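Okay, handing you the structure first.
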Amino acid sequence: MDILFIGDIVGRPGRKAVKGVLNDLKSNYKIDFVIANGENAAGGTGLTKKVAIELFNMGIDCLTMGNHVWDKKEIFDFINEEHRIVRPGNYPEGTPGCGSTILLKNNKKIGIINVSGRVFMDTLDCPFKTVERELINIKKHTNIIIVDFHAEATSEKVAMAWFLDGKVTAVLGTHTHVQTADERILPRDTAYITDVGMTGPYNSVLGIKADLVLKKFITQLPVSFKLAAGDKIFNGVVLNVDDKTGKAREIKRINLLIKSDEEKE
Amino acid sequence: MDILFIGDIVGRPGRKAVKGVLNDLKSNYKIDFVIANGENAAGGTGLTKKVAIELFNMGIDCLTMGNHVWDKKEIFDFINEEHRIVRPGNYPEGTPGCGSTILLKNNKKIGIINVSGRVFMDTLDCPFKTVERELINIKKHTNIIIVDFHAEATSEKVAMAWFLDGKVTAVLGTHTHVQTADERILPRDTAYITDVGMTGPYNSVLGIKADLVLKKFITQLPVSFKLAAGDKIFNGVVLNVDDKTGKAREIKRINLLIKSDEEKE
Amino acid sequence: MDILFIGDIVGRPGRKAVKGVLNDLKSNYKIDFVIANGENAAGGTGLTKKVAIELFNMGIDCLTMGNHVWDKKEIFDFINEEHRIVRPGNYPEGTPGCGSTILLKNNKKIGIINVSGRVFMDTLDCPFKTVERELINIKKHTNIIIVDFHAEATSEKVAMAWFLDGKVTAVLGTHTHVQTADERILPRDTAYITDVGMTGPYNSVLGIKADLVLKKFITQLPVSFKLAAGDKIFNGVVLNVDDKTGKAREIKRINLLIKSDEEKE
Amino acid sequence: MDILFIGDIVGRPGRKAVKGVLNDLKSNYKIDFVIANGENAAGGTGLTKKVAIELFNMGIDCLTMGNHVWDKKEIFDFINEEHRIVRPGNYPEGTPGCGSTILLKNNKKIGIINVSGRVFMDTLDCPFKTVERELINIKKHTNIIIVDFHAEATSEKVAMAWFLDGKVTAVLGTHTHVQTADERILPRDTAYITDVGMTGPYNSVLGIKADLVLKKFITQLPVSFKLAAGDKIFNGVVLNVDDKTGKAREIKRINLLIKSDEEKE
């Protein structure tokens, strides 16, 4: 099967970008299943029910999250009922939501795991042990397993790739909002990329207006961030997967620049 | 003119990779000037005089550094005498070495600035102000200016790109050892990439043997790191520059996999 | 002269504690001048004009700040006009407010410097160089100089003490909200304490309700913090200073538990 | 019973300080049991077998550790055989050594737990859950339980105090090397202090020569640290404990300045 994973969707511009290209991408690449990182989908931070439904309606099958998972408080109300949303599994036991899910599409089961890094990030449980634990259950049901490793440090992300090589279909990094060019199939047939990138405003700093971020860095004063407007970028990867073994045959980067139609905006 | 910038050269494997491909690259791309990040060139951390000379002899014109600049103590003995080596300019005043240099090649002057990020890194002076200050002097001599921004956080790196757009030829990120796929020419003709990547062991974690890094992450115990062997990766970017204005016309990623000839090793 | 320095005043409970004991303290210790850290004085984070005036009216002569200085946006409106408030001097040039001030009391000039640490804190300019620069000006006017070093790491704080020994009257640490027991007169007559402590709710975590902070640590979920109620603690130090030389003769810790009159609250 | 807890013993000067005062302290305070933090006991970082035996021979009954536990590699050879040494219990499962121990003295059982903070420190398991888990076992054997919480942030340390109030005899902070003045008996009879302090060179930065630490902070260059000489400080706390219930009746700070006999040194 062919799986599309979309990098962190940033606010309305990101959702617009998805809407603009998803159907074409799905038919061009014969995509069977679509996963997207949704931690920034609502206004740039967090996820609301309305936005989640909007994204599911566009044709996304599963949303993964990250450190921004709790930014919109209402997520506590629906994360437990929505098995198509996974949040980093290394939050402490008892945290609302799940670190993994198994979804059925075209009679195939796909396991999705979301886990967060700890280097330069929140002090969560060990991501390596978390994934190991999640795998025990998922492996009983399917070999097609996609891991969204939401992390900052390249060392931790690449280490996770080697840790999971041969155990999962793909280890896909998110969080830095910049797509990396190191996609590869590891020796034991696990697809890997350090960061899928982001889907949102192109002329920006990770989605935010550049002058505001610059002001923050240069003055060290508090600045309220706003999403940038104009052209958009769509970042993702397409995985070609052997349905039986769950092994990845190919990983292809998607990196689309979507020109803004100024008149319409 | 055409400038090649090579990502962090990691130890002997990295130097071997440079030696193996540099001449061909130079003739294929008609390279006029070669810059490389050398902070990991000696044994994976730091730089010795011997290694610097080895790299200059291979055809590298300038070496930039980063947080590993002081790892080999002998650098204090030669950094002040070697104007082809630049270290992050935001170390405090009085630090040995320079944050920028101007080199002459084929009758053209090229300014090179090295500066370090502060997010998730050492507490140095403001990188934005540092570059601004370095530019005042360099601008008097040349418009061809390459900035190696050695930093961890994508936000700080992309912000620097916007800060310097129109003021320098290129802002090239280093330090993460993973090449990013976001190379572009910004609106005011500055070339940018978040990270050029690394030149060294391919089957590794940033150059280090994967099992050692994994042991470190999983056990949290001290582990002595060793460079990985086998296949190598060569990461760089080629810039096409308007000599008069210093504006970048094109930035192209170089991402070569160099198969190891096991017999010879 | 005798100077009282009051540790971070936390919200209304902290202000109430000050009001309850300040007059007695002033007469008991024959206090000539009162400085207080006010970074948490308004609602636990930041400072408003109203709260500042309230504190000045209680008999505080000067307010120092810290990392919470900008938490209440309105401070930008009055910090430039109020020479009795100092904020960390190692914010970048051009930042509203000042890093030092010289105040006149009973015909004596007292210099007050506020500076922030960088270890585990925001990426500001070098605190050591900042103080050195501030001293050049202040030294022209007075030898009585009190430095509030608002910092996290004990290493950075103790290092500052040795750096300034013989150059200022006192180096007083703030920020951790826990009073340390290492007050001393250094060999060259500078008074020092790693942290003066806090003035606010006693049965709390740094002023905040303990159960909320615990929830945050244990669940890693977002929690809105509220100040604790009940008994209060008043932390400060009294300095006895040689007016002419500015040398410190004595540093005494003040650590008062103020029982809450439950009926009145 | 009466328990003496000695703050981080730093190198030979720290051991000398212990040797100089321990016997007197034991008889003056009728001490039944002595615990000391030994993470810096050998040369300032880590612990060797020789140094451990030296300290046990002086009359210390139990050594706790911290982030420096693995600095001397040989500890891996003896930590598993020495039940009088505990290291932070929140290292991953399978780590050599133990996070708690139960020792018998004068027919009484004393449980000792060592746990590390995570804020501004290594990414270990949750310290709160770790202590909870250790307690399950220890509580079966004794009510006299001393917790050494080796942590940086005051918020995390005070939070642990409230978390364990009523469950253990004492929560004693270590790691910052500066004694705090907030010792108290919490409402449910648990003794608490944010940091016991250190035992080692007095005129120093946490034990290290001040000029070296200053050089590090000001130049940001690598500096090799050496222990300071001269006067020493001995920091500790004495706990008076109800043997049956394990409740703390009193916590008293010990803060001794030991003048150096220059001739002898």
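We call the chains A, B, C and D, going by the order they appear; numbering starts again at 1 in every chain.
Simple rule for what comes next: contacts are C-beta pairs under 8 Å (C-beta built on N, C-alpha and C of every residue); 3 or more make two chains touch, one makes a residue touch a chain.
These are the chains along with the protein names UniProt gives them: A, B, C, D = 2',3'-cyclic-nucleotide 2'-phosphodiesterase.
Worth saying up front: this structure is predicted, and the values here are computed from it rather than measured.
The set of chains in contact with chain A as well as chain D comprises B, C. Of all residue numbers used where chain A meets chain B, over half belong to both copies. The two sides are thus made of the same residues.
Chain centres here are Cα averages; for chain B and chain D they lie 44 Å apart. Centroids built from CA atoms put chain B at 29 Å from chain A.
Taken residue by residue, chain C touches two or more other chains at 92, 123, 126, 129, 218, whereas all remaining positions touch fewer.
Looking at the complex, you find that chain D touches chain A at residues 92, 118-119, 123, 125-126, 129.
Interface residues of chain C facing chain D in the complex, by the touch rule stated above, are 120, 126, 128-129, 152-156, 158-159, 162-163, 176-182, 187, 194-195, 197, 203-206, 210-211, 213-214, 217-218, 253, 255. Across the complex, chain B meets chain D through its residues 70-71, 73, 91-92, 94-95, 122-124, 218-222.
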